[in-house]
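Just so it is clear, A, B and C label the chains in written order, and each chain counts residues from 1 on its own.
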Amino acid sequence: MDWLSTFSYMDWGQVGALTLQHVALVGVAVGLAILVGVPLGVAMTRFPWLSGPLQGAATVVLTIPSIALFGLMLPLYSKIGHGLGPLPAVTAAFLYSLLPILRNTYLALTNVEPGIREAGKGIGMTFWQRLRMVDIPLAVPVILAGVRTAVVMNIGVMTIAAVIGAGGLGVLILTAISRSDMGQLIVGAIIVSILAIIADLLLQWLQRTLTPKGLRS
Amino acid sequence: MNRWLSIIFTLGFALVSTLATAQEKPLIRIGTKVFSEQRILGQMTAQYLQSKGYRTDVVAGLGSTVARSAQENGELDLNWEYTGTSLFAYNHQTEVLSPEASLERVRELDAAKDLIWLEPSRFSNTYALAVPREVAERDGVKTISDLARVVNASDEPHLIAFDIEFANRPDGLAPLVERYDMHLTRNEVRQMDPGLVYTALRNAQVYAGLVYTTDGRLDEFDLVLLEDDKGYFPDYTAAPVIRRDVLEANPEIAELMAPLARLLDDETMRALNARVDIGHESPADVAHDFLRKHNLI
Amino acid sequence: MIELDKLTKRFKQKDGKDVTAVDAVSLTVNEGEICVFLGPSGCGKSTTLKMINRLIQPTSGRVLINGEDTTGLDEVALRRNIGYVIQQIGLFPNMTVEENITVVPKLLGWDKKRCHERAMELMNMVQLDPRQYLKRYPRELSGGQQQRIGVIRALAADAPLLLMDEPFGAVDPINRDAIQNEFFQMQRALNKTVIMVSHDIDEAIKLGDRIAVFRAGKLVQFDHPDTLLAHPKDEFIASFVGQDATLKRLLLIRAEDAADDAPSIRPETPVADALGLLEEHDRRHLVVTDAANKALGYVRRRELRGQSGVVRAFLQPFAATAAFDEHLRILLSRMYQFNRAWLPVLSADNDFLGEVTQESIADYLSSGRSRGKTSIVSPAEGAAG
């Protein structure tokens, strides 16, 4: 394997573009999962009968391999002209992200110390005030841990999205395999790993920053 | 906040792009699979049609069934397809026909799905079994029958690499070993991504492997194609396949594509593939070069 | 100020049976009083407390605050007008001390300045330097400090009524005494009406103006602490208050209650008269007071015998005295400490009010009389209350 030649013939501009694409795909998917997952987690504390079915559904979805999920979505999304491209990829990653975020939100909210919950209720806070002023701030570190899981997982999953034309670093990797181009393959794999590491570190930092001061050790 | 904006943008953009249909020049959406030959064909088609006044959009690197499924669902207009692939993988045929009969049959079957086969190229990118040159010389393996002999003769395992799809299709591996009376144990069959077969052969990690006859890596990796002496592998002539509604809207495409298709034979295709796989040129550059050389643009 | 009218709570258990956790409890607590709900676990005292601020919905019965039936009121608005302190304290860990304290005022719409001033005022009341502590977080505080913050959080919105559920339970025993005393001073100064749940008889006696004893969901006795100790209504209560109930009463009874009407003499009384008086009452000493009944000292019989003149010459200063409002436990302790059989009881202005002796104390304790914090209650009254 000739490293120097790999670095010379690779289109680094394209690599950069694919990396940004990859980040955008994962970012949008996880972002949507937060927007949907956290309120659903709150709903599950309000209506406990929801927690079983919702968590069950999210778990089942996680077990469906990504290629199968893309295959299932293709005919559906084709109806609105988006069977290929970022939309199905983002949808799959969104669905995968739901479980960690949903579950962590629910767990964090239900694990608020009973003394704190009783005090909040007894001094005259409404359910929503308790949520806003106490429960959610306390839940943020745990929710972000779920986000971290979702992001790192989906950075890997999104490499498969190349097969439906969604772009991202998978393009690099799959093309390299089809051409027996070891150099490009390794470059692609390394970039994906670095991306995952950076994302994890960033989110760790975010988790620390957003943890309420009163909880930091 | 920014995240929200980008989400809204993405969703909004998706919506707008689906709504933006009616415009001046017709848009032809071309799909290609992952391997280099497909990318080159896709680029050639796109650049050629552009020079003829069409707008084109190439969605490259799709999984094989994804590309077909997308075309059936109206997401793609034109794909380069192979007679054998459509017959066996998409239409679930089992009979192996002559090249002419294959073309006729597949035309018939796909027409029923509103997919029209335009004038075909001159090359057939069919399967072959290949061995590294040292193996061919050392063990005197020149045909698939030779291979079968070697495999059956000893208890020592001989690993053979197949792509996953071929290994599991009812008209793939099973009838092949039956035809050649090759006794392969489950352990000797290694399934993998088709691109990896070449890597495995180059690294002598397998004894033999299933390759494609127009692949650009055959010469460079010093692989010898074994003769299909019992004529098992079917025809895989390549041709552009277009959706019926797109063809009816743009009937001149059929005539336009013909000269391009006629220019492509086995050797030409193999050479173009090698320029991408070995020479590391981009498919777009190679396509452009070819079209200019033949005065098509 | 707050009246419970036949407050009842019934649950349906998992096996379908009805269980009555609280059975038609009725009582009245006057403004500025501390009422302690006392009883063993499971007796319904906490449930009753929580029905007052509707953390638990009553099955039947009413709660009237200043005459107004609270049944129709919005429960959140009700709770914002009642202070609530629990055993686990429940300070919000993500908020600073100041934010914790000012939660309810902010919900009620007080402006920032007023909230901040209120927080400073309350911190000073519990001897915690606001400049140092307001910006801290609960986890940086000790258990005792957290408990105090919990209490002033309940007082922040200046609600007239305070509900407390075993509020001192989480404080370690060493600090508990000090914190209870501090709370008591605060309550007297602010004149808040308090209903407090406790399972500790000593705490109830120490803090309560009246004690409501619960058993199996029913209110079985509602009395001044001393009356409760002196006249427990049944075996159960008697064993609950403990076999040393009479000793516990020592904390409640004041010197002036147990003082006997011992005679006193003037300094100018002749020795012979004094001796005569001593003989008559079979006493060994006499307290000497001036014309205004201010105590000056005392004279001993053995020193007067065979002497002449006036008693002034033989005046001894008191080795130990008792203030009128000191409780008997202190007096006994002092009597043992100084090896005295008696102590003179003096008013704040040094008036001689009588003497306490072992006898007078025993006499009082067994007399059937008992004391609330404000007045002596005779047995007849005690039984009715």
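Here, contacts are C-beta pairs under 8 Å (C-beta built on N, C-alpha and C of every residue); 3 or more make two chains touch, one makes a residue touch a chain.
Note that this is a predicted model, so its numbers are computed, not measured.
A comparison of C-alpha centroids places A closest to the centre of the full protein. Of all chains, C has its CA centroid at the greatest distance from the CA centroid of chain A. Taking each chain's centre as the average of its CA atoms, chain B and chain C sit 93 Å apart. Chain A and chain C have Cα centroids separated by 60 Å. The mean-CA centres of chain A and chain B are about 34 angstrom from one another, to the nearest whole unit.
Contacts from chain B toward chain A in the complex involve residues 3-4, 6-7, 10, 14, 18, 31, 34-36, 59-63, 65-66, 69-70, 73-76, 193-196, 198-199, 202, 217, 221, 276-277, 280, 282. Listing the residues of chain A that touch chain B in their complex gives 5, 9, 11, 24, 27-28, 31-32, 35, 67, 70-71, 74-75, 78-87, 90, 162-165, 171, 174-175, 177-182.
Across the complex, chain A meets chain C through its residues 113-126, 129, 133-134, 137-138, 212-215. On chain C, the positions that touch chain A within their shared complex are 53, 55, 76-84, 86-96, 103-104, 107, 137-139, 150, 153-154, 163.
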